[in-house]
Structure formats: C-alpha cells, structure tokens
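Think of it as A, B, C and D in the order they're written, each chain with its own count starting at 1.
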Amino acid sequence: MKTEIIERKKVKMKDGVLITGLPGIGLIGQVVGRYLVEELKAKKVANLYSHHFPHQVFMTKKGAMRLIKNTIYEYRDGKTEMLILTGDVQAMSSIGQYEVAESMLEYAKKCGVSRIMTVGGYSTGKISEERRIFAVATHKELLPGFKKFGVVFGEAKGSIVGIAGMLPAIGKIRGFKGICLMGETHGGYVDTAAARNIVKLLSEYFGIPIDLKRIDQRAKESEKMLKKIEEEIQKSMVTPYEVPKGVSYIR
Amino acid sequence: MKTEIIERKKVKMKDGVLITGLPGIGLIGQVVGRYLVEELKAKKVANLYSHHFPHQVFMTKKGAMRLIKNTIYEYRDGKTEMLILTGDVQAMSSIGQYEVAESMLEYAKKCGVSRIMTVGGYSTGKISEERRIFAVATHKELLPGFKKFGVVFGEAKGSIVGIAGMLPAIGKIRGFKGICLMGETHGGYVDTAAARNIVKLLSEYFGIPIDLKRIDQRAKESEKMLKKIEEEIQKSMVTPYEVPKGVSYIR
Amino acid sequence: MKTEIIERKKVKMKDGVLITGLPGIGLIGQVVGRYLVEELKAKKVANLYSHHFPHQVFMTKKGAMRLIKNTIYEYRDGKTEMLILTGDVQAMSSIGQYEVAESMLEYAKKCGVSRIMTVGGYSTGKISEERRIFAVATHKELLPGFKKFGVVFGEAKGSIVGIAGMLPAIGKIRGFKGICLMGETHGGYVDTAAARNIVKLLSEYFGIPIDLKRIDQRAKESEKMLKKIEEEIQKSMVTPYEVPKGVSYIR
Amino acid sequence: MKTEIIERKKVKMKDGVLITGLPGIGLIGQVVGRYLVEELKAKKVANLYSHHFPHQVFMTKKGAMRLIKNTIYEYRDGKTEMLILTGDVQAMSSIGQYEVAESMLEYAKKCGVSRIMTVGGYSTGKISEERRIFAVATHKELLPGFKKFGVVFGEAKGSIVGIAGMLPAIGKIRGFKGICLMGETHGGYVDTAAARNIVKLLSEYFGIPIDLKRIDQRAKESEKMLKKIEEEIQKSMVTPYEVPKGVSYIR
C-alpha cells in the first residue's frame, strides 16, 4: 500500500467542487466537513488509505475494527456537484502530504472536479468576538464571489501548513482553481463557532439550504465555555495554552 | 532488499488461517507464537526480511550469525491448515508497518489463507486477576465462534498500533476475514499468564489438543513474581513502571 | 509529485553556466541570487517543486497563494548564457538534497549548461573586516580564472553541507565542471557585505556590468549594525549567537 | 542518485574475497582497511556513492572538492584475489544500510567475489591487555581456518549493528560465505592496537606478507596514551566516556 483510493461507486461530474475538512487548527476543517456530510446526507463514494498515515487501527463499540483513513462523500442537487473529503488524520510527513495531495487531485480530476475549496483555521492566539473568515485563492476571478459574503482576502499572513494549503496550491499546477477558507480562531481550542460561520458561508455561496440549528447549539455551548476560560485568563493574565501568534499554521 | 519473503517450501492450503505472534505489549503475541510453534512442532516454511527492520545481525553461541527477521511456520492436521508468523521484531516506522503487512498478506493469499488471527496485549495499567481476552473482528460472523469461549467483544477501546492491527484491518481490504485477540494485561511486564489463556483459547477454538503444562508452569512463576510486585506497589502506592492506562496500544 | 521542474520556456544554450543562490549561511547565496535576477532582469524560465521541501504554502498580500519552490531564471547577452537558481528553501533531508541536485543537473544538462557556480557562506564565527571569497573547484583549470580576482583556494577547510556542495560535486560525476564560492562571514547574521563582494566578483568574472549601488547601500547599513553588535560583544565578551567556528557548513 | 557504484576498471575474479573496513567502533575497521590499501598498494577500481550518505562534500587542501563516498580497491597476487572496501562513512538509516549492502553485494557478485570478510570492533567498556579477535561466521566450515590463528568464536554476544553485520548476513541469503572479525576494544577510543592484530591475522590467513612496522609504531603510541588514560580512570574510578558494556555494537 502506498496511497490508495478505493472506490465504492464511480463518480462522474461535469464541473464538480471538492470541499475538504480534515483535522487541523481548532479542528475547524473537520467539524465543517462532518457537519456538511451529516446535514447534506452526502453518500460515501470512496476511502483513502495511505502508508503515510499512522499504522493505527480503530476499535469500535461493537467489537469491529477499521484502518485509519480519509473518506470521500458525494453530494448532488440540481445545480451543485460536490465531493467532501473528511477523515481521521492528515499525512504525517512532508513527503506524505505531497503524495496524499497528488493522489486526491488525480482522483478529483477523474471525477470531473475543477474547483477545490479547503477549510482550516487561522490561529490568532486571541479569543475573538468577530470570527471573520480569511481566504487565499489561486485565481483572482474567485475573489468577488467570496468577498460579497464577507470573506477577507489579503489579511492572513505567513504560510499554510498541511492539506488545506497543499490541495489548492498543487492543484493550481495540475489545472484546478482553488481557495483556502480559514476561520479566525484562537488556535488552542476546538472552535465550533468558527466552523459554524464557514458552514453558513458555504450554504450561502452554493445556495444550498443547510440547517444550522445543531451547529448553532454546539457553537453556543463552546462559546460559553470559551467565555469562562477568557475570564479566567484575564483574571490571571496567563495564557492557558501556548499558541503561535500572528501566524497562520493550518494543519 | 525491500521486504522479502524467502520460501523454503511452497505451501498450498484450501482454507488456511494465519496466526501471528510478534513482539508487542506484555510480549503476549511473541510468547503465544513461539509456544504454538514448539508444541505443534510446526515446520519452518519461509523467512521474512525487511529493510524496515533494524540493520542488526544476531550472534549465536556457536559463533554463527543471522539477520534479524520474522519466520513463518506451517501446521497441518486433518482439519486445520495453519500458518504461524513469529519473529524478532516489527517494522520500525509507519511506512514499514504498511509494507510488511502487505507483503505478508500477499504471501498468505498465495498460500491459500483466508482468515487472519493476530495476538497482542491490551494494556490496562492494572494487575488483573481475571486476564480476560478482548477482541475486535473485521466481520460480524466471526464473533459467535469466539464468544462461546468467553472472548469479550466491544469492551476494548481506542486504537491498536502495530502488526496485530495492520494485518486484519488491511487484510479486510484485500479480501481476508480477520480478528485481533488481545490478552488483558498490565502492560509493563512480560505476561505469560495472559499468553497462556490465549493458547488455551486457540487450542479449544481449533480443537487441537495443545499441552499447556510448560506454559502453565511458566505462567505460575511469573504470576508469583507479579503478586510480589503488586504487594510492593500497594505498600508504596507508586506505580513501578509507567504504562499508558485505559488505552489499547498493542505494538 | 517527486521533484518536478515545470518549464515556462524551453532554454537552449551552447555552453551555459548555472549560478545558484539559495538560503544558507549568512543568507549570502540567496542575497546574491536575488540581486543578480533583479539587476540582470533575468527571465523566469522554470519552477522547481519537490516533495522534499516542506509541505508549506505562502500567502501573499493580495490574497493569493503559492507552493514553496525554487525558481530558475535565464540571462543572456552576446557572450554569456546563464541560468540562475534561487528560491525559498533547500531540501530538508539528505535523500532530498541528492534528489533535488540530480533533478537540477539533469535539467541543466538538457539546457546546454556545462559549468556550475554555487554561492554560499563560510562561517568563521568572527566579524571579519576583510570578507574574502574562498572557493573549491572540481577541476584545476578553473582556478586561475578566479584567482586573478582575488578568490582564495585551499584555505577553507572541512565540509560543505547542502546544495552549494551537492551541485558541483555530483555535477562532476555527471560531466559538469563546478566551483563553490564562499563568502567569509560570521555565520550568525545575514551578511549583505559578503554577498556584495561575490556579486562584484561575478560581474568582473563574466564582464557583465552589474550596478552595485543598491547592494552597496544595503551592505553599508548592515555593516553599521554589525559594528554596533561587535562593540556590544567586546564590551560583554559574550557571543550573542552561537555559531560553529572554523568549520565550513554552507547550508 | 540512489546508491551508485561507478567503476573505473572492470574487475574479473575467479574466487575473490571482499574485505571491508569502514568507520565503526574504535575505528578498527577503517584503520585496517586503509592500512591494507596502503601496504598492499591496492588499486582503486570503483567509487560507491549513496543518497543514504550525508549530503556533504569535502574540501581539500589544494582547493578541490569531492562528494562523500566509499571506495573499492583491488589487490591481486598469484593466489589471492581481493577487493577492499573503505570510506568516509556508513549509510545513516536502517533502510540505507540494507540498500548499500545489497548494492555492494551485487557488485561483488559481478566481480566474482564469493567470500566476505568484514572488520569491526567489539566494545567491552574495558581497556583490555589481550585484545583478542572475536568472530561470527555464516558457515561452519569457515571456522577452523580462523581458529588456528587464535580467532575466538562463540564468545561475542548480542548483535552487530552496521555494514560489518549486514554484508555477511545478507550475503548469506545471496549465496556468499562470510565472516565478521571483531577486535576486542574499549569502544570509546580509536584502537590502533586492536586494528594491528587484525591486519596481522589477515596477513597470516592469506599468506600475504604485510609490513606491520608503521601500524606497530602507531599502535604503541596509542597504547601509551590509553595506559595513561587508564591510570587516570583508576585514580578517579569514573569512566571518562560512557560506552555500552557487554554488547557488541560494531557500527
């Protein structure tokens, strides 16, 4: 096994979009990916395994077992053709990141995907009220379509580490258009509120009604918890968990 | 040399089972593997070498030398066709674990093996009187056959690290059925008593009489030693050797 | 993606020279490479990507993104045919260094390059007034042409680590002639003055007038800063930043 | 470049022997290898380069440069056909050790080599007066020929790490006969006296007169130095440099 995508069902799209939500800063990508799959009732079409993932097998409550993996889902309606990539893990090494990204792009091309949207977090080290959505894109023409929903370009600085950067950046070389959407977040917590904003953005961007009730509920709860933590911090003036500030690691 | 299986004798089975016992938690796998080979007088049929093993050569008492390796044995009686994989070591990296597992599965398929049973330890951090056998399986239909001998499904949590997980989990993708048997154990000691229980289980499951005298003897001795250690611990209330608790690393 | 050179424009030279300026000691290579590209208005002809580079993507001020890379530029006048290699980064591992060097040599051969000149720093741990240029070459006949401009052979000791050594040394095996030019430098600072001397040398060696005004200006500024630092050090007699002394790591 | 052996001269032997002396414990292998090459006036026949060696280039006093490498020499007289492998370095990883060993074996087979003798050190952590030569071999029939010169079999314990073990042990799988000769040594010092004993052994074993004057001289000097160190140690009863005791790491 190198990196291997095992298909359950062949996918054929005319002008598909690939959305990825994998573990990274604030777990924003993973939360968005899973919520989309659940709410859109997307269908599983393939599993991605890789020798660049840990040599680890998960045990389930019912006494079953499964290899660590990424999973690809399909969603279609009258106007949108969408692949969603979620999963347990990202490749562990730099070589692995390149290999998995190339495998995924090859598969996406075969399926008829032409655009890539990755979701990650942009760590600020601050607990922000605003939770803006920052983005960088491979082609200028992509910007207006996102700016009108409030997405901020040109403010995020530094570099993106991991699949959220690799897929659109290598994708550009392979003939795709791509954008990386980054939820503004502290970086030291799972940030459901930031994830919620990106789900809302995608719902509006694609014109697909996605019910935000469940994620709103979870976001409020985690918000309350963060508030408490923030107050504790301001009392003690000590950061509870050290996060790189002002940089934009996504992985 | 990549990963290379060098055959001494071609093996042809109709519906073989592969049992693996390699070094891991509590050395349970290795103890079981070696005991089976000895008691069943299994015949060596192949050596497995890999560049993912350490670059190490063992010196023997008689002035000989041999490369670090895994060894494959064959046991047959009227109704059971069995391969047993034992050895010095597991592959050292994640990439190595995937490569060795795939090589072993390819070889097993060629030999006519359809089922894989791996043996490992499930570390609890406690010295248990019970020493149950936990398991996870790739297919539901495998459960009843083991449950009737007291094997516990659905209680072990977390993830399995190493060949004991890799072989059945990748095996499932390659068309095998598989189960991973885990002896409940402290994790910080070689646990012959836990190994003994798994040997007994396999003897009953396959209906092959295996003499337990020698392993019973050894288990009693190590049991006594553990009792002493336990008493010491309870006196001092300090763990003598730190083990991850509540997780299920097998490697 | 392994290591991949993507051409924008085919290059055909009769007897080309490849000059490399990549990050290393004192950033001398990178400063020289970039200054040459700017002043000679060299044209971009290819990008070099590699899975041995970090899995990192840079965000630009305008909201664009690009994969980490090296870039190859072309400069030609009536008598000189030159490729200039600059970039963000060197390969991270030993295997990566060999692979990137071989890819680059293969590309250079295809373009008609026969000579390789790499630029690096030679770290002394001292802030030198002189800032000599040390060099080692693959063929004796290369020495006189550089000696007449004051380049010092046979004084730099030890080993060269990184692309500045790999390219000419592997290049020799592949039929190239090569030289590694090393600016004498402290090693703990970006040394624009040392870089300036190498730019001047290359200008004289090739008989290409290169305006040194801008780099002179920058060198003076960094010189002043170093003077201050030096005075501080002599006051306190403590090295502000530890550098290996008397060795010649270039990477 | 993977691992590459570049021949200067084709070698054709009927029943050649390969002797290897590379850096390892006490530098015994390297000292023996180089002394043989010098005294036997062996001729360079090939260079071995590898991406598993460090990405390092050596600078010479005359302003030349060369890639880090191993070198293969040939010695022939009426009755002995010998290849000698020496060099700067061993492969840095386990995968590299396997790859370099296999490349070397393939080359040796092509040259007509059938026997492999590697030279290393066996670290005892003690400064021994005796400096015996320990050995392990791949085939029993090799033992008597060495025993009659005092070589001790069956006493060295544990494992051999590095090329001195890899070459004969993998060699056995590839159809060679092999032996690993280990000079008894402290492990923390370059041990010329131990190397001298192995040179003497090889001279006697092959019936090739090798002048020991120069190595005797050097051995005496290093011996004196060790004596002094030993006295210092016994005064202070503290080991000056920690070495693994009772094991037999050779690399």
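Everything that follows uses one rule, which is that a contact is a pair of C-beta atoms (placed from the backbone, for glycine too) under 8 Å apart; a residue touches a chain by one contact, two chains touch by 3 or more.
Quick caveat, the model's predicted, so the values are computed rather than measured.
Novice: Where chain A and chain B touch, do the two copies share over half of their residue numbers, giving same, or under half, giving different?
Specialist: The interface of chain A with chain B is built from mostly unshared positions.
Novice: Averaged over CA atoms, how far is the centre of chain B from the centre of chain C? Could you give it in whole Å?
Specialist: 54
Novice: Can you give the whole-Å distance between the Cα centres of chain C and chain D?
Specialist: Each chain reduced to its C-alpha mean, chain C and chain D end up 38 Å apart.
Novice: Would you mind listing the residues of chain A that make contact with two or more other chains?
Specialist: Residues of chain A touching two or more partner chains: there are none.
Novice: So with touch defined the way it is at the top, what topology do the chains form here? Options are line, ring, star, complete, other.
Specialist: Ring.
Novice: Where on chain B is chain D touching in the complex?
Specialist: These residues of chain B touch chain D: 1, 6, 49, 51-68, 92.
Novice: Can you name the residues of chain C that touch chain D in the complex?
Specialist: 94-95, 97-99, 101-102, 135-138, 140, 143, 153-154, 156-162, 165-166, 168-170, 172-173, 180, 248, 251
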